[in-house]
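Given below, in the form of structure tokens, are the structures.
The same subunit A turns up in both complexes below, where it pairs with subunit B and then with subunit C.
Let's look at the complex of A and B:
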């Protein structure tokens, strides 16, 4: 590795630690969120440097983009419920407990890294040997959707749980927001087809290149967030059953496939090699829809109510 | 290095210069409107020069087309977002800087 690359990597690592520290330590919540988004973007660069483009894509789209949007939405809501001056400041009282937890977790991780074998055997050889029977040629997708499909199933379910938790909170009374203006509307009209195309490409590319359901779902979900920001709302007759179907179709379809495979006498989520590619594409397509719907609805916060008459 | 290489290096350097100037402006200009002005120069012209330089180096029409597409998307997003930020600042009544 050349000196230049080492220098860039060192800058990246130092920048990450510094941004993480600033995001946690700065008293202004808005500034903290902006620093967190910057941290996510640098983290995506770090994953690129570690030659993990799949993770980099997910980190940029979900870690920096959508999580940042969710945090900003939460902050706007917090400011509406309790403006900055009126909030009881729990920061001082609670600062030490998480810090202690973080130090312990950091020490544990450090120990784990130090105890790694110098040349770990890894599982690449096993994955490469079985890749032909997995139905896809991208080893990351093969691991996530086939060899360890239940991990991804649980991830999709976690997202559903998060939405259930958000929806079980008291709904906020609907507000009339300031009109977002014609520019955002025009931007959305221009970008929407591009975002849908990019999501479809990421979904399809996942079989042989970096991409997949979470990345595609995040791009589609970002389109939803943009639409919400531009003041677009679902028609009232779509916010009931159709929206709920879109949200559960991913985990539901995944579970149905798992169940059908169990019925044929196979172990959990072991696809027959001839059908593996088609089943993975089916599961990923449904998961993309659900991930996008869930992320966009989470951005809106509480359960969508029927719009008040304008 | 051949002719196109020198041209690409020149374009990349010029792009980096625009980014440097834009960053300096973002840090040093007095109010939100002037900072946006500095930032859009880096986003639009700086990125355009870097995309041109990289396209020359890529040696493939496909890659060059993708790079230019990225530039166009950033142009669209950058212009819209700076408009929205400036509009939000005006709606909040943030005054323009006067000497």
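Let's look at the complex of A and C:
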């Protein structure tokens, strides 16, 4: 059994490196992106093998799914802007490689990792000791939303910042694409309630099992991406203030909670143990909405038009 | 060697591959792929080193990696918009220091 597991681990590790190599080396960019998505799915398997199911969920939904969708959408737009440009990379590529430098860097990193391996000094004990006062029983959620809540606050702000920057650039005027046909539309009508339910479950389960705001937000965002692909658009009266509210309510709610806690004389984001569970659920619910809206809007690539294009 | 060790070493290989792709590839979309692969390598090293020990997996690197994945997708989305903007302006999805070569290329 142990031999089998070691074999799977070795195969998975080699497969990751091989897929990454092919994604970077294959001449066709489209194939490169597809290989990168496959790489992300193998990464999710690797996280399962490393006993990190929370990370596996986030990797499958965000690392493989949404990043892949963003890359493919950008490639399609690139083909429209510069049809010849997408294959221009193969001639210049893989030349004048600073090979020696990279071999040295790899050897140095490898030695450092090997020297650190025998004794991984973790924080398991400290987290387990404080878990009872954190308001949740999933240690990863406790670290994300309680012990290191300021990391997560800055993270949702980074997501908002990326969207603001993308909107202010206005890379391409929004275009109306032809609806891809009735099959996707029908599939979406069946899938959408399931995706919303799955997101709600992931959000609720995050308190005691693998899941949480980011995984739930990514699943909900994926539903939004599917809807955009099927040609669904927000009603014009929803693209103004309501959409912007959905985007800022996560970071805004998080900041309000942090500010209210400061007013009560507590350090930044140190919840009273009695209220911790409820506050974490509140922050996670608002963050899920904002993450989903932000990811879907980032996929669309341009600011949704307030007026429907004629 | 433990399973976590395999993945930490695979992470080192991914970091090197990502650096190589970032340095050598001219196309900006390929550079973004390389940055993402580099990041995945860093995540694997981070979790692999704090991997399943006797006391169970360490949740702190797990939480940091989830944060990292979300930051990576934000940065990738912004990078893609910047790449499209650059291509609209300059006609090429690459960064080149030298003056553009004139005339038809063979």
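Note that the second predicted complex is superposed on the first by the 271 of 310 C-alpha atoms of A that agree within 3 Å, B and C clash if a C-alpha of one lies under 4 Å from a C-alpha of the other, contacts with A are read in each partner's own complex, and residues count from 1 in each chain.
Note that in this section a residue touches a chain if its C-beta (ideal position, glycine included) is under 8 Å from a C-beta of that chain, and two chains touch if they have at least 3 such contacts.
Remember, it's a predicted structure, so these values are computed and weren't measured experimentally.
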Fit or clash - subunit C, subunit B, common subunit A: fit
If touched residues of subunit A are counted for subunit B and for subunit C, the larger one: C
First, second, both or neither for A:184, with subunit B first and subunit C second: first
Contacts of A:28 with subunit B and subunit C, given as first, second, both or neither: neither
First (subunit B), second (subunit C), both or neither touched by A:71: second
A:110 touches, of subunit B and subunit C: first, second, both or neither? second
Partner chain in contact with A:152 - subunit B first, subunit C second, else both or neither: second
Smallest separation of CA atoms, subunit C relative to subunit B, angstrom: 24
On subunit A, positions contacted by subunit B and by subunit C: none
In the complex, subunit A residues that touch subunit C: 5-6, 9-10, 12-14, 16-17, 20-21, 23-24, 29, 32-33, 36, 39-40, 43, 46-47, 49-52, 54-55, 58-59, 62-63, 66-67, 70-71, 74-75, 77-78, 81-82, 85-86, 88-89, 92-98, 102, 105-106, 109-110, 113-114, 116-117, 120, 122-125, 127-128, 139-140, 142-144, 148, 151-152, 155, 158-159, 161-163, 165-166, 169, 171-172, 212, 214, 291, 295, 298, 301
Subunit A residues touching subunit B - in the complex, by the definition given at the top: 178, 181, 183-184, 186-187, 190-191, 194
Residue ranges of subunit C touching subunit A (in the complex, touch as defined): 1-21, 23-27, 29-30, 32-34, 36-37, 40, 43-45, 47-53, 55-60, 62-67, 69-78, 80-85, 87-88, 91-94
Subunit B to subunit A touching residues, read off their complex: 73, 76-77, 80, 83-84, 87, 91
